[in-house]
């Protein structure tokens, strides 16, 4: 069997799509613990900023029960294209969204959202069908329960999406610590409590 | 590796097959909690009605220990073809069933049933072999335990079935909220307690 | 060690307190699956009606993020005392609430609510301190996670509360099936899918 | 704090009460895996026979959805008092049952049944109230889920019941292997696959 | 992507390979509960007998710590080829074993054993390499833990093995209940407690 | 049985003891997910500040592998007594610590730390022995695994400690939302993602 | 309610009883992972040596399926009283064992063994009945599954046993790191991989 | 679908790559219990030695928070190439590492490391891209949690890596017990407590 060839994420060719992280929809997410999920989404947002990746925000019906976009994401990406979809469930069915994606000129799409089997899977499958390389950030995407998540992952995987987590995305984009030790270290310290502890212990000893 | 291309569910090309949701067999289902499972099956039934999808009911040995079809399904689809199989374990081995499927003229089959590795997997595999596109509703199908379920999912997936859940099916069929906000909202409110709560909170505030 | 003597629930001496089952607060509940939790709360509500137990509803800040009382509870108990607390976190700190409890003349309090360690535990502990017999309905109460729940249960248990579930409450109140086979059977059929299946199978065979 | 003094099970002072192990009710049991639960119930039944403990069988509404007593229990205790209760939910509310218990002359009651929080807990609490020593066989009792089970255990424990499992009951009754090595070994081999394997390995080597 | 075509198990073309179900090795199995595992292995053995499938037994170092073959398997298949391998870890490296397999003339191999990633996976992979169709009975195979099991399943799946469980195997071989209702029913009653309960309930009512 | 009377936390009579939340020791904590644990500890720290509770910090061997105190705690309580114990494992064996506790004049001690069965349990048990009322914050304390945690909780509970979580502590101290709606709301918004979402949704609608 | 007063373990008043850690019986232990359990038992053994606690070994039927005592325990305590019981299941029923316990002159008994509900619980309950203070080392004791373990813990707890783990025992006996930093550190490094890692990291930096 | 052909591990064609098992990074590993993980890593190290496989060690930033290589690995492979990478996150980006791999002349690479989705997955994917056969030792690799691990496994699997565990690797390399019964037995006894127990029981009986 020919397998998926290794396509590395490239910070000059990747864009981030944050789909429907809205305050109402977030109450539906039960396949991941809320503190951890919040951290993962913000970590993905922070790495998008850190690596200067074009980032797109999109939402569905903010004025209804789905609620507004999480304010932290708005604040972190004030100049990002922001597509409030008038009704399309699959963001890829919205022309403004697709044009914004194509306007980035990037061929690697890093996607996360709520809920996984719809807001993430639908545009991921559509993007693959149009020739994009799709990287799903599994731990920054959430849904009703583990059974649902597992079905969603399998469907995307079968279509050729690569499943990753925010930490792997950051490491694959960075390539080499020497590109910026402090920057990457700060990103990790802000979002991995165990890593922050290691850094604090280390700093205490080396300062002696 | 060439991957599964994205085939979208189309409400004009899809049919729903509900296989062996019988009161006796349901006592065998232990890979999903009973309240949740009942809800999922009824949600799938409701979406079939809502999207006017041709729906088929089939059972195995209702007069024996397997028990009668769950009455709610009968009541919801009074005019659906109802094939009480005289003995075939794989519903696809029953000519009446296959003819009823083909009579719908649909090429996309949405299948759920009890138990997953037999009543769902066998007709799913047979239908794929005859060229149908098969979408298994994993959360409206149940079986003995998670080990069994996992084996069944993998076998169907390897054969080309797409694994989905009822919520994803509904969203993919609906395409755009504007097609009917109230209808889809009602479907969700009736089957997703968290979503109903969001709607209630929202209505209370907007009514002020 | 002298142990807790067996105090049986008595339908002529029991009242039901439903505390803060509000649509916003329900999004905090993650120690029990939403479909099951909704079912359990409605089952408790139904048994209160069935056994004609005095029932009290109370809420906290409905106009704020906590959201309104779940509409089904309002609808089920239209004439129940309804105490919208202006600020007291412990319902027992609200004089209207305590007076309404005392006005029932009942000494056995069946309590459920959201969240367990606060809205249930605080009035439960206060009521015990005033000499009431307290029965906590554990499966109609919910909170953030299992760790929190466990701490709350232990604190109430140490203070003398009896931990029960809605099914046990119903059975202990009913005492003897002969008091009303159909009524209790209906309650069970409406809230226990497995029991409904048993009844359907049984009815199908005995009707033959 | 004065604690529960150690009261040992005594084969000349103990009786076994098997409450409502009926084929319908068993479909409600989901806090323990079916193969294991069946094994545990039969192990308890076998030890009752082995230690010649007076054993009582009781059921609730066998002709209805609850179904008949598991046939193996009937067959194993053909001469045991068999009280088919006409309606009492708490077996202790049935005079025939209580008289049968008292007729054994035993003060230590080993109780198991379905479901734990009702069919086991109610007679256990009643028996304690009348001065019996109660030993609940937790692994031969079953109920809807772990949350329910946990509440039931805590309520019985608080009232002074001792929680044991069938293996502990057998060992405490037997006291000394020398009383009958083969008999106890056979009981274990029939109900503990790992122990049977140890015996087979051992026999193979010592036979060489 | 071309997917695995549906190859149905055929009772005239299938053989069963039971690999290293030895009393010592069984103490290593911790990914499945012992009562359930014992039941599954015996169910597979029983179905092999019921469907008159050629069955092979093989073991590794019975005189050493691995221990003897489980006696029930020996007793159930007294005339089956029994290959006590002198040292080969992969049964397929043993010529007698391969010859015995080929002597059956069957092309579909149903394999189960202990431990999954070695005693099952190695001959499964070798048999596939030689053109056999391999069906792994996942619930009659066991190993150290779930992590190990999952790796083993994925490796076999990637090589083209079909993952099934004993119940699915029985149903796929039987095809139609009318071929022998009583025989298949007995097989299920002996190995599925819930199904036995359904049958008992049903028999009680239809006998009335 | 006489039970533990309800002793309410009183903000004028309570002090907070934070024991050994050190960067090295935190790597031992595996009974609670790191993101959640970090959040809980900081929430407890924040509520101590918010309610102006006397707070004590203590550590063990900061210069060794245990590592320094988590910097956030130092920063949050710059004027708190800080007892770096020279070797005593039980903080209560350190006179400076006990004097600092007594100097607060408070009789209610809210304790959390790492690891639960040692750094929390030992001073908790000692404080109870000296007549303090002890409230253990279970979700701001961590240890090796759930088995260990459970043993620790049971030992403290048997000695009379009350098990609570940070949210319950905050609510019991606050008593009434009207004392400061915004302050308590901010505390919750900062440490309960679901609550923050509710507030954001609510604010968005009420601002319309 | 008067609670259990805090009785500290005292190295001059404590003895360790290791009950039936035999190679055959260990195959029955499934409530704790084997690598962890082995580590915990050896850690308890090592701390007994380190604190020079009188240690007793006892076994049941070593020549039968239960198998010999784990060799490491024999080797670690070559001069310990070793009571191979001829048949008593409760070690406390063996006079030699009780005399050996009393000969130590210790009143605090630290007990661990296999299986928890029998080999640990029976002598623990008997020792309490004779006035000893009993400390059960829960993580160096094992049994069939978590349900069984939980029942056993509750029974011992109700009788007044204190539940601890090996790490808590070591810390409570040691009292102050200054008594021997290196000795205690070595014990921890040998049995807590995370702690060893902390020490290695620390040593690497301080050696620079 | 053409599947992955069975490529057996061959001790004359395999090399072992141990990537970033550093004392700091190990504190990040939470998808596997520490005692078990330590055992698995050392088992892999021991089998590399036993089968005389070329072994490479590599680390990232040992002087920083990541910490030094676990000393046991250094000690076990004193002459192994040891590449302390100056900054490359993907070891395959380091020329010295790749040259050392190629210098072994082996085409089968057995890889394990910390953390799975980065330190293992990146070089695994790169090596596959260069034509190596890659075998990932899943149980000697660790990461943040099961969600992350699962994503990493799926990505490597899709690229053609074979997922194995150390036990399977050892068995596939050894081929036949007769090649060295004692050597392989010792490896198992040192790293599988259950197997050691079997050997001890067996030795005790055969020595009689």
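Letters A, B, C, D, E, F, G and H mark the chains in the order given here, with residues in each chain numbered from 1 onward.
Throughout what follows, contacts are C-beta pairs under 8 Å (C-beta built on N, C-alpha and C of every residue); 3 or more make two chains touch, one makes a residue touch a chain.
Model, not experiment: these values are computed from the prediction.
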item	value
Contact-pair overlap exceeding half with B-C, pair selected from D-G, A-F or A-C	A-F
Whole-Å gap separating chain F and chain H, where each centre is the average of the chain's CA atoms	41
Chain centre separation in whole Å, for chain B relative to chain A (CA means)	30
Whole-Å gap separating chain D and chain E, where each centre is the average of the chain's CA atoms	34
Multi-partner residues of chain D (each touching 2 or more other chains)	1, 3-4, 24, 27, 33-34, 67, 158, 192, 194, 197-198, 201-202, 208
Chain pairs that touch, as defined at the top of this document	A-B, A-C, A-F, A-G, A-H, B-C, B-D, B-E, B-F, C-D, C-E, C-F, D-E, D-G, D-H, E-G, E-H, F-G, F-H, G-H
In the complex with chain A, residue positions of chain H that touch it	1-4, 24, 27-28, 60-61, 64-67, 86-90, 93, 115, 117-118, 121-122, 125-126, 128-129, 144, 147-148, 150-152, 154-155, 158-160
Of all residues in chain F, those that touch chain A in their complex	23-24, 26-27, 33-39, 62-63, 67-68, 70-71, 192-194, 196-198, 200-201, 204, 208
Interfacial residue positions of chain G with respect to chain A in the complex	198, 201-202, 205-206, 208
In the complex, chain H residues that touch chain F	27, 30, 33-34, 145
Residue numbers on chain C that touch chain D, as the complex places them	1, 3-6, 32, 138-139, 153, 157, 162-165, 167-168, 171-172, 174-179, 181, 192, 194-195, 197-199, 201-202
